[in-house]
Amino acid sequence: MEIDPFIFRLSIFILSIFIGYYVVWSVTPSLHTPLMSVTNAISSVIIVGAIIAALAGDGDKEKIFDIANIYGYLAIILAAINIFGGFLVTQRMLAMYKKKRKEK
Amino acid sequence: MEIDPFIFRLSIFILSIFIGYYVVWSVTPSLHTPLMSVTNAISSVIIVGAIIAALAGDGDKEKIFDIANIYGYLAIILAAINIFGGFLVTQRMLAMYKKKRKEK
Amino acid sequence: MSSNLLAVFYLISGVLFILALRGLSSPETSRRGNFFGIIGMTIAIFVTILSVGNFSTGFIYLLVFLLIGGSIGALIAFKIPMTAMPELVAGFHSLVGLAAVFVAISAFLNPTVFNLGIPGDIKIASLIEMSLGASIGAITFTGSIIAFLKLRGIMSGSPIIFLGQHYLNLVLGITLVSLIFYLCKTQIDTWFWTIILISFLVGVLLIIPIGGADMPVVISMLNSYSGWAAAGIGFTLENTALIITGALVGSSGAILSYIMCKGMNRSFFNVILGGWGATDDKTKSTSKEQKPVKNGNADDAAFLMKNASSVIIVPGYGMAVAQAQHALREMVDSLKKNGVKVTYAIHPVAGRMPGHMNVLLAEANVPYDEVFELEEINNDFANCDVAYVIGANDVTNPVAKTDPQSPIYGMPILDVEKSKSVLFVKRSLSPGYAGIDNDLFYRDNTLMLFADAKKMTEDIIKSL
Amino acid sequence: MSSNLLAVFYLISGVLFILALRGLSSPETSRRGNFFGIIGMTIAIFVTILSVGNFSTGFIYLLVFLLIGGSIGALIAFKIPMTAMPELVAGFHSLVGLAAVFVAISAFLNPTVFNLGIPGDIKIASLIEMSLGASIGAITFTGSIIAFLKLRGIMSGSPIIFLGQHYLNLVLGITLVSLIFYLCKTQIDTWFWTIILISFLVGVLLIIPIGGADMPVVISMLNSYSGWAAAGIGFTLENTALIITGALVGSSGAILSYIMCKGMNRSFFNVILGGWGATDDKTKSTSKEQKPVKNGNADDAAFLMKNASSVIIVPGYGMAVAQAQHALREMVDSLKKNGVKVTYAIHPVAGRMPGHMNVLLAEANVPYDEVFELEEINNDFANCDVAYVIGANDVTNPVAKTDPQSPIYGMPILDVEKSKSVLFVKRSLSPGYAGIDNDLFYRDNTLMLFADAKKMTEDIIKSL
Amino acid sequence: MIIGSISENKQLEKRISITPEISKKYISSGLEVLIEKGSGEHLGFSDDDFFKEGCKLESKETVLNKSNIVLQLNLPDDKNLDLLKENSVLIGNFNSNYNKEKILKISSRKISVFSLELLPRITRAQSMDILSSQANLAGYKAVLDSFAIFRKAIPMMMTAAGTISAAKVLVVGAGVAGLQAIATAKRMGAIVFSTDVRLASKEQVESLGGKFLVVEGAENLETEGGYAKEASNEFKKKQEDLITETLKKIDIVICTALIPGKKAPKIINEKMIENMKPGSIIYDLAASQGGNAAFTKADEIVEKNGVIILGETTILNKLPTSASNLYAKNLFNFVMNLYDNKNNKININLEDEIINKTLVK
Amino acid sequence: MIIGSISENKQLEKRISITPEISKKYISSGLEVLIEKGSGEHLGFSDDDFFKEGCKLESKETVLNKSNIVLQLNLPDDKNLDLLKENSVLIGNFNSNYNKEKILKISSRKISVFSLELLPRITRAQSMDILSSQANLAGYKAVLDSFAIFRKAIPMMMTAAGTISAAKVLVVGAGVAGLQAIATAKRMGAIVFSTDVRLASKEQVESLGGKFLVVEGAENLETEGGYAKEASNEFKKKQEDLITETLKKIDIVICTALIPGKKAPKIINEKMIENMKPGSIIYDLAASQGGNAAFTKADEIVEKNGVIILGETTILNKLPTSASNLYAKNLFNFVMNLYDNKNNKININLEDEIINKTLVK
């Protein structure tokens, strides 16, 4: 009765799609931009792949700057820009709302 | 890098909880009862377990009415009542709304 | 059938169940939703049977039992009157709970088929899952039965509270946990049976302190329990369909009961903890023996009126006090947009001054040709789907026709009770100018909307 | 770190991302949502690093690059003016796309580390996933760049359409599919590079025919693409975090762009298929060079006013035509309940008869002490957050102060443009009684709400 | 059974007690209707209009001679009373306290006299309640009349030629007449204040959009019948202060405060009027019972410091058609309660509170 | 610079052209204000009230002799005109078409006469537009007056004594006066119909809750200035049929239709009036230009078949305070446009459309 892990991943994939679908349905229009920006930041979870790629064969000195790893490092930079930029900029946008709210 | 299937199941379990959470948030109050009744019907998916239990060791004539199987069969009856009763009664309730809607 | 394919099919049926619940949350898609549920269930059953494989005697029995159960279910579904829905659902629930108990027992007795080890040496994880499943199933079973009895009126709807109740529950809870612990340690089956028995008791104890009015919440909560039970067993059986569906049902049931509590303005916590809150004022008032009224909210009212073909508005002094005329007009506009025919019925002495209602309706720009006096409109109530009585009371009181002793005897009244449903918007059950109770509040086709007339009307507009 | 533990952590970060998105859908929880996102990301990065294990040179580089990227990102985030948000998001997107391409390339070049086989003999499934990931990533990259350029104004915002565009896209699409097929069959790396190149081209072609006004939708759609790319790579790397998050971002992005289309009354299909619809009337009108106006909906208006500390209502003839006075009063009541200070500014010649607005406001029971004439209130606009101009036009037109040629020169006007934001409720850009264009419509702090005044006001009430 | 009505003294009374519309109702209930010729002409009801509905038009004498039930507004003069036949019934609004003797004299001739101002204020009697129906119209008309003579416009108007601010109206006494006055003034766009001694009236005033002047520590001065009691001195003092302050900004005052069977309470005194703005108007509907304001003279217009004080006692003569319609309908409902349809006879059932209390004895 | 005003003939004209409030504004703009003694007393504006604001109270002669600008309502009589000094300015509402000769005679004495009914209907002139400000009040008052004399109650009232149905009002001509009449009748609870020849007025009528009687195939008869042109015969016929039908159920008609410089259109003819219900009222504000209804006589009350027809030409005398307030403000705005503050002189700039068109020449 062994089940291929792929099937599990597929299940997880499909269930996540449902969650993605439902979770934003009721978003307030004024939050469209922050939401987009946070989604963008989250999508740079691709950095996980980048890290694995970059550190592949690490320890083996010769291979450290293998062409594959370089792509990984590049991907890390790109993703990092996105992560920091994305979350921070969202923070800034949301802070704006907060302030207004307090004023009154 | 083998991952224990239990972890996958756990993931699936947790993701399903989220879906259950979001999926009914926006239900109209007048549909509370039908929704409850459908949820009830669905929860008799336990019949899957019952079937497995009932047919356990099937083919082995002697064991066919093993005490464990009997519990399985009992569970099948109970769950079957629920499945048929639940879906049909929901159908009836919903048909009521439909009719009203058409009248006008 | 390969276990992979099986898993895919289980996933599909899980998705179908999700779609079923989704569908049920709006009237337009509800029938489709039910249909998805049926397909999902069919797939789940079908592939399970196929996966077990060889079709010998057992298979025949299976079919027979399935049919027996199915026929009983179908019969009940067709025979039951529509008004008995809540108790029916409660009754059905108890079955799911019991089924879960049986499956758990079966797995406990015959762990080998489920790959859980051999009797007397079952995997610890499986034992925990199994006994949790059995325990929750058992609680669901007896709890649902109590709910059923209360709703059916066989048991009194008022909360049953006794001293030390909560301590007893606590003790039982601790016992359950320890028993599971011992079971895992010793694998002695007595513990297992004891767990089930105590859980039966807990189910009873949990529900008896909850008042009849809160039963729908309880049912939904039990629903949720049964979901968790199924999920627990799903882990035992390593069955994705059970896990997905169980989690789904478990969490959606919990949310639904939360939503219902909110809708009824009750504390979720109090209801679930059964009777914890029964000592505070709010619950106390419901525990007093009173004539029962049906209590609705804005969404119910909106739904009823949206689906009506004709609605008659009966304004009274309360509308004037709340200055609800503008909101009322808005509401009527919305209804008309939905294709509902709406008229106003003005009783000659509604309000506190002659023509009181007319002034206000004119202010809100209600066209004169929608406003009718008592004699013109009184016969129309019989053909109308909903009478929306907003802040009126005496002018609808049928006692004026029946009781010569009553101070309003002889006054002509608006026959709102003849319409299919009556919605009363007022803040409480207190009487109007004449100071007498209105029998209509307690009628079967009456839904009380307790709120300020303006507030309620605005809320209805929102949910239209 | 065991792979099981790793998987659990990935699950946790997945759940945190879900909570992040959930949080972002309502203003109250939005900051918490962002926080969840940050934690989720931190966990994901952290455990990945731990899982890779030995901390040698590569690890240092990793940290360095992480910091470089992080600093650049932080710098941009702090420096960028708030008005440049949309293009910023587009720019960031392109990076995610490119990162996905790089990771795919890396996996392709060095499949062994990822357990995908050896170069030249990569598992078919992995090859498919990998090339899909790379292709979608590449499309996201160039697509986002075009969107960025359009929003930044570097490229013209008007749709670029040429003959045979759709056929070209079709051909390219088919080519991509065939290339993937050949790649799987032959494992020749040229195909892989070609796929990426063609995908770059497709990204450009997909976005250029879409008009500047639709860019937000496009960004959200590209967002969704980048999610799918991540999910694809997640399958390749057998990484649950990537799968969950990718699917989450993929579907939520798609839904968000759908919601945005609906909000703007555009066809989702047309926008996504880029330029398909550009030939029908609706899109044509936007492709004409016009003075741009900011176009809002009821939710935006509700949000702005709810969060304002003072709002001034400026009614005009349009309110009278729409008979929106009752709805207006309701809206003001809601705002007041939210703690907003609301007053009415009546221009001496608003409407078509002396005292026109007064009659209507009195009918809706607006208290007299909230109603001010021009001279009393005109200075207050400078201190007010929102001016809600409902069906008024000429009486706010600043041309009366500036242009001696204009027919309304010399008339005192309400200085609505001095308030922080101005909401104009009217059905179109057409002029009022005096027949002259109103410059205010095109101002930066103006939001046009195109609708019937009553309808719009009711919608605002709903979202308050 | 014959029911009839003769002309009132048209100098003093413009209303009539049977309208063509109501005569139709009597006839379809099985009664015959006799009307004095020309009695409705001043309201545009020609003899022909009555005739068409099935009434007989007769001379005054014939009507009185033949009718079993005679419906009037005011007590007919002695000459006419003498013509009433034995066992007949006379119904109207006869101010029975004041006219007691005269009425008892008639009663002694086996004529039952019902005076409808005596009607108990029970729910069932509402459809016969002439006090309510007439007070309602009086309240409406008082506002319209005072607005018509006011030298300024009532509603707020912000115009290119400046702003006219809304007029401020005070309604003294928020009974039936007062409430209708509030409603009418409110809908014209005035800012309306009101004062009363019954606590329930606050909510009622507010339900019409008026502002209630709350006298601190007010006791509830409502009797069981729904009428007002006389107020305590302390209350009166507080009320006075409040009203004095309020009146300084008031443009129009409508007085409707009454205490049944007593003189109307004096609420607006000389000093208050002195402090009012010139051009203001006091319209005193309580004039027939002495008025709520100082200087009020029944049916006269008095001017003091530029304040115009009208003491109106016959205001319904200015709204005769509507008033007659309602009055006639009230009487009809009363007669139907009295008349035994099956046996075609009058049934003076003294068990019936309505009949018992209105019969003057 | 001195600005002044003398008493009107109080028999014919109750309004005044400078109120105490406005005199304050003149003074703070740097002008001196002379008022004839006693000229505001009938409105409750005592000489003292003017004096307090800084005006000088003088005899008629002194005022006319000294003032550089004289503000009036109607043209003063010859005797007073002779007293005007050279280079002075006379402003008012002088019916300049009719009084052309007389005015030119004055002009010849180097006196500039401005008659404000000539004001162009441009946006900038709105604050000086006396026709609008006065017509607005006239529309309001016409409704109030006619409601006050109507024998029934206006609003719908469903009461225990039966239902009073809402009165139906027809407003003929939906200009400034007509629109205000519609608004006023509507707020009192009447059902309001209206008719006009200008197409834009349909939307305007509906914006006030009135029902517009749509004449089929109606052409737009609006001139550029916003006034009406005369209608074609075909249109008139269709309008006639529609109005005839409508009038059968109408209780009150308010007539306001005018065509500038022409006789008022006759819209309600004899036959229509014959078919109206007795007791109905026609209130004809167009009476000064011949009236919109048949039988209309200026300043007389005519009764035909029970229908009462009032031809009102001086309705603003019934609302003198409000009317004066607005009129005085209009004049103030006009004077401010004429007066050169810096050089303290009158600047008759004929480039200015407002000055050019109102100067009678």
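Couple of notes before you dig in:
In order of appearance the chains are A, B, C, D, E and F, and numbering begins at 1 in each one.
Convention: a residue touches a chain if its C-beta (ideal position, glycine included) is under 8 Å from a C-beta of that chain, and two chains touch if they have at least 3 such contacts.
What you see is a predicted model, and the numbers here were worked out from it, not measured in a lab.
Looking at chain D and chain E, the chains that touch each of them are C, F.
Chain pairs B-C and B-D differ in how many C-beta pairs are in contact, and the one with more is B-C. For the self-contact between chain A and chain B, the two sides draw on mostly identical residue numbers; the shared fraction is above half. With each centre defined as the average position of its C-alpha atoms, the distance from chain D to chain F rounds to 56 Å.
One inter-chain figure worth recording: chain A and chain D are separated by 18 Å, centre to centre, where each centre is the mean of the chain's CA atoms.
Mean C-alpha positions place chain B and chain F at a centre distance of 80 Å. Residues of chain F in contact with two or more other chains: 126-127, 132-133, 136, 155, 157, 159-162, 164, 187, 189, 209. Multi-chain contact residues, meaning those touching two or more other chains, occur in chain A at positions 3, 5, 8-9, 11-12, 14-16, 18-19, 23, 25-26. Along chain C, residues 14, 18, 238, 240, 244, 323, 348-349, 354-355, 359, 362-363, 365 each make contact with two or more other chains.
Listed by label, the pairs of touching chains are A-B, A-C, A-D, B-C, B-D, C-D, C-E, C-F, D-E, D-F, E-F. Listed in rising order, the residues of chain D touching chain C in the complex are 323, 326-327, 329-330, 363-365, 458, 461-462.
Listing the residues of chain D that touch chain E in their complex gives 346-349, 354-355, 357-359, 362, 365, 368, 371, 373-374.
Interface residues of chain A, counted against chain C in their complex, comprise 1-4, 7-8, 10-11, 14-15, 18.
Of all the residues in chain E, the ones that touch chain F in their complex are 43-44, 126-127, 129-130, 132-133, 136-137, 140-141, 144-145, 147-148, 151-153, 155, 157, 159-162, 164, 184, 187-189, 278-279, 306, 318-322, 325-327, 329-330, 333. Of all the residues in chain E, the ones that touch chain C in their complex are 122-124, 126-127, 132-133, 136, 176, 179-180, 183, 187, 203-204, 206-209.
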